[in-house]
């Protein structure tokens, strides 16, 4: 199984979730994050003093999937999250050795359905 | 020292002025609370600037158009910059008190609009409109009713609008309607299938604070409209005002519970204001019981109008200003023709044996307000839209107007990145759930 | 125009009415700020509805029970729906002013309760209780003191409670006590070993705003209770009110610093209100110095009562309403029997040579309030509990009443998922730290 | 009943007192909103305690020093604990009203300081200073102007400061300046290269609420300063007050837009207060047009002074109190010498043909205020600093004063861990961007 | 060493932390998260318009442990976090190659004590 | 490629970001977190009842880097984040199999520049 981490624009969360549902992903965990990268932040002002806000609001998705789902999941995210502008985000994939569903104690693939 | 009743009059008018002034804080909190955190700085800047600009413009020209010498019956034409007021006399001083009371009224009419066009209107565009409403639109209509103009001459008693259900509230509400139509709904407010999407505000506590402050201010708004402290009328006005507000809140809560089986906080808050707006016209002309009834129906009108605007007319009004001020204001003005009782203010309405005469006058005034204000406001907004543009870009709406218009977040220390509410999946009772793709189109593009 | 003092009376009463009305905003902000974010919409809905329902019910029946013709000395029996007021006369108008002032008093008594039962009481249950308190409990007790009833006949001067330390505040406080007992403590408030767990509120700024608004409103509450502007008494009342509030804040800060070596913000805010509640009875009967002393002790009573309720009696009062209104109200009423001075209001208390007579009358009134209000409220709450149920389920408390009762979060844009404060590990000074398992049981099950 | 004008005077003074009292809520919200969430509890505790302590201390000694018998012209020496007031007479009652009005004025002067020293001052140190300002510094300077002292005897009309641009606001502002200098800038406010770093406040909505409440309160502050309701003057005062506020807001918005091409919310809010502070001295002595001009310039003075203090003088004032109260107060006092018009208050300023006489008197008073208040405050703050210490440690500033001084967070339910704004990278227009290392040193060490 | 990620109901945080202490886990990092899964969200109303809140508040725990601790840790979490209702959460495990304590520069197992 | 997770004191975020820029790290994702460890929380009071706040505010950094960057990145973080007091935080490293840039679809090393 793999864990797919995706950092996306907050406004793309809706479409990404819809796209994931279509490819059969049934669960995920999301959290607020702030990104630093080529997109750059904004320059704000407070009483005449400017300051740079370096970190751009992002949403981080963590999705654990079985091997067979990795490619469709990644493709679905890319398609739904892409706007073509700087800051659309990154996806990265790591190996997961075990998954457990707390409620039932089921393990691995079974825990993911 | 000899007794001069004018001093108590001035004291009373200034007391009322202060209370009405504080309604600006009420509107600011209600509007900010009922919209998203990313637009909070923008909302409060609109509120601060409409009272600032409005105060100056009304002093320069608005007051003259409204209360200046009015030969035509259509507009006042003197007393610009208060040039007719004599500061050497006590009656001149009373005139200053009257002027400042009218100033805060004008500012109220102006600020009503800010809520309805919030979360997607450019700041500069809003400032220009504020000038138009406080310099011309509000004063001209006002002159017809309170400045000795043609509406004040209709029928036996003239058009009756004691404290401004129509003159202030409907005027604000219909201008808000024009603005909301011209600027269009917020990005993401309607799905491609045109179903409304709920976009809850960011702070119910601030919204409730705003409502309590408005209710407080309304004691000044209505009872101050006697512009005299030497009259017992102010007591019955306070009674009718409070009962109508209470009844409006109860009605909105009950009706929304019957419709949706929920104790809807936002509707209840709007219902209270609806009750207050409704009683404003007849506050000095009704019995307590009729006032409660007027407020009760006012609260229901608000619920109905919000649903009508949101679902049928597809007019996006984030804070409910059009329903509350436009519709409930119209209802309250009509109610005078129905429920007025000679025991209280000398005039009988239809249900108290006064016939339909006054009712027709009331309907005329309501219609005149709608036609004049909606059309002139629509033109002004359209002109602004075609020149500097009314609507913030989609990208700016996504980032929020705080950053895009003011380059500074309203809550720099607390800025949620996840829209915890998933605006993209409305579940409409009885409506088909729109497909994901359809929503996507509307919201993101 | 001839001079008629009634106009200044009406102006004064309406001024005071508006200020007392705004105390609703004060209570709403204080209570919302002192409870958790997930219950904010519920709290403010309770506040909006108790003033709305209270205003209507008090108009229909409460005012008649309290101030109607009172032959028995136990209850008024006329003037329902204000049927005895003649709108044609100035004195009728004054009666309207008196009525609206009393309405906002009744709403104050009602709203006190909402804080004490907050975060775990069903909304519908609360609404029913609000009807009971504004229709019967508050008016009946009130009739004994202010409606010419038996307490007003006791001793030489009758039971003295100028602006309602007992009639309004203790009545609210003892009803709150009954409610808090019947509904039980919030989920997680006590460990299995019955140690209290701290559950801090979500916004100290809103709580402080509430306290400042209450302090402001109290100038109307106390000085308005002359129901006349034609008296210099209102000036000394404003002085004693302010000094007592200040002393209450200083006392609570100091005492809590002595006890816990901390500048406790929440205690200080409660201390200010305690000072205000305490001076309310004797505000027109004491010297400034005695007023400061009454407030000082009032602030200390609040600290003591909070500890007593929280630790010994295990009564969970999230906002401290019982301590502040019940206990400090009782103290302030007794203080009249001790500190009243004939120089100020014509009556001497024990320390000014008046003997124990007045003190005994004061104690009688305090006891009567406790017995009548606590017992009737307890019965009403019990009946509600046995019929529709008072207490929100554990699951609903965990999700928060905003979602479970109103289907809408108070802060949809800012909803913290992590309870950043770990409510499960109280560190009680001098108490054994309870074991994890024990806490678990109480909080989660 | 015979007519006695004193009752209307008392009613008016108490009305004004209540409004000025509420300014405490305004300051609390403005200051809390303009600073970071982690210091919110500390800010509001300072506000609650300065009015509490100030009320007690001013009653004990301050009022006597300010308004007691003043033979020397430099300080009053009687009426401590109000010992000269006779409660048996109506005029004694008026004296109580006058006292309570002056109490809330003193509390205003005290609370101004809390904002300027916020986010890094120890709570105990602040309390001590509060005693000094309300017992001595404010009353002594006040006695020179309003207590019949030497400034009131200068020139033909004495030093003119109708409602306290200097007596209250500049006194507060210059004390704030001394405090801000002694306590030093907040950790991280300046880079090693001494460039200012922007540290935005945590809630623009609370800040705006504060400004609206202050504007509301100012109607009482200025118009109440007649200490009589039997005068038409209160009407023109309300007019000039409102126009100056409006003009101040417009000026600050416009000027900051010209300078930085941004609709700066925080500057605009400060500009409104600047307009109000500026008109306070001349509110009863100017035409509406001159009042608007005074406010307009007041708003610009605020923008200029903030930039001056922040960038050139390196004085860290988180809420802009020094600019708003010190500088705009001085400007407004001087403006009386320029714009006063005999038509309004009997005295002509320079531009109305009155010559430079009054202007010189005004300048003398402004200078006296600065010299006396700045030097005495500086000494008091220095003594506090050398004994118990003024400044919270760097570690405490990082954690926030809520935890370090009060052991309780202001927002336990919502506590952001990420400083979403990156305070460490200021982008100064026209200044070199300081290197990372340099900033690091200042901010973290 | 392993990183154990656990997504749990917020209200179970207290018991889980107690349970972890009992098995000897001395450190962890938690964060707010929102979950999407079979539990489903709630349907709220705003002025008569219903809307679905898709994401349910969750707490995410990240715990780095040495091999020997993996099983006890997972068991402790499951026991303390389970309520038996939908939404109790997931646990998943990944391989960690290096751990460093910032304060001392200590590495791996040593950094975990 | 590796994912470096670092939990640091919030106040060190500025210096860490500067230090990372100097070693050439061009992107990262940060989020709010709360830490539990030897540092301990604070004991607060509410109306006379004390309570322990167990969790200390922290910032979590997630940085995906190619092998060559691992050591410089870790060293930079350690140096900039260290204050020498309890609670300075932990760094841990996991293997990443794939990285994708959403905007372009670029993969792995290329996606990281």
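In order of appearance the chains are A, B, C, D, E and F, and numbering begins at 1 in each one.
The working rule: a contact is a pair of C-beta atoms (placed from the backbone, for glycine too) under 8 Å apart; a residue touches a chain by one contact, two chains touch by 3 or more.
Since the structure is predicted, the reported quantities are computational estimates derived from the model, not experimental observations.
Both chain A and chain C are touched by B, D, E, F.
Listed by label, the chains that touch chain B and also chain F are A, C, D, E.
Residue numbering at the chain B/chain D interface overlaps only partly, since under half of the positions present are found in both copies. For the pair chain A and chain E, the distance between mean C-alpha positions equals 18 Å.
If you average the Cα atoms of chain C and of chain D, the two centres end up 33 Å apart. Centre-to-centre spacing of chain A and chain B amounts to 43 Å, using the average Cα coordinate of each chain. For chain A, residues that reach two or more other chains under the stated contact definition are 17, 30-34, 43-46, 54-55, 58, 83, 94-95. Listed for chain C are residues 3, 8, 11, 15, 200, 203, 209, 262, 264, 266, 407-409, 412, 414-416, 418-423, 425, each touching two or more other chains. Here, these are the chain pairs in contact: A-B, A-D, A-E, A-F, B-C, B-D, B-E, C-D, C-E, C-F, D-F, E-F. Taken together, the chain A residues at the contact with chain E in this complex read 1, 3, 17, 26-32, 62, 64, 94-103, 105, 111.
Residues 2, 5-8, 31-38, 54-55, 58, 60, 74, 77-78, 81-95 of chain E are the ones touching chain A in the complex.
Of all residues in chain B, only 3, 5, 8, 11-12, 15, 19, 36-37, 200-205, 208-209, 211-213, 215-216, 219-220, 223, 229-236, 238-239, 242-243, 245-247, 249-250, 253, 262-266, 268-269, 272, 287-289, 292, 343-344, 414, 416, 419-421 touch chain C in the complex they form.
On the chain E side of its complex with chain C, the touching residues are 10-15, 17-19, 21-22, 30-34, 42-46, 57-59, 83. Partner chain E is touched in their complex by these residues of chain C: 398, 403, 407-409, 412, 415-419, 422-425, 436-437, 439-440, 443-444.
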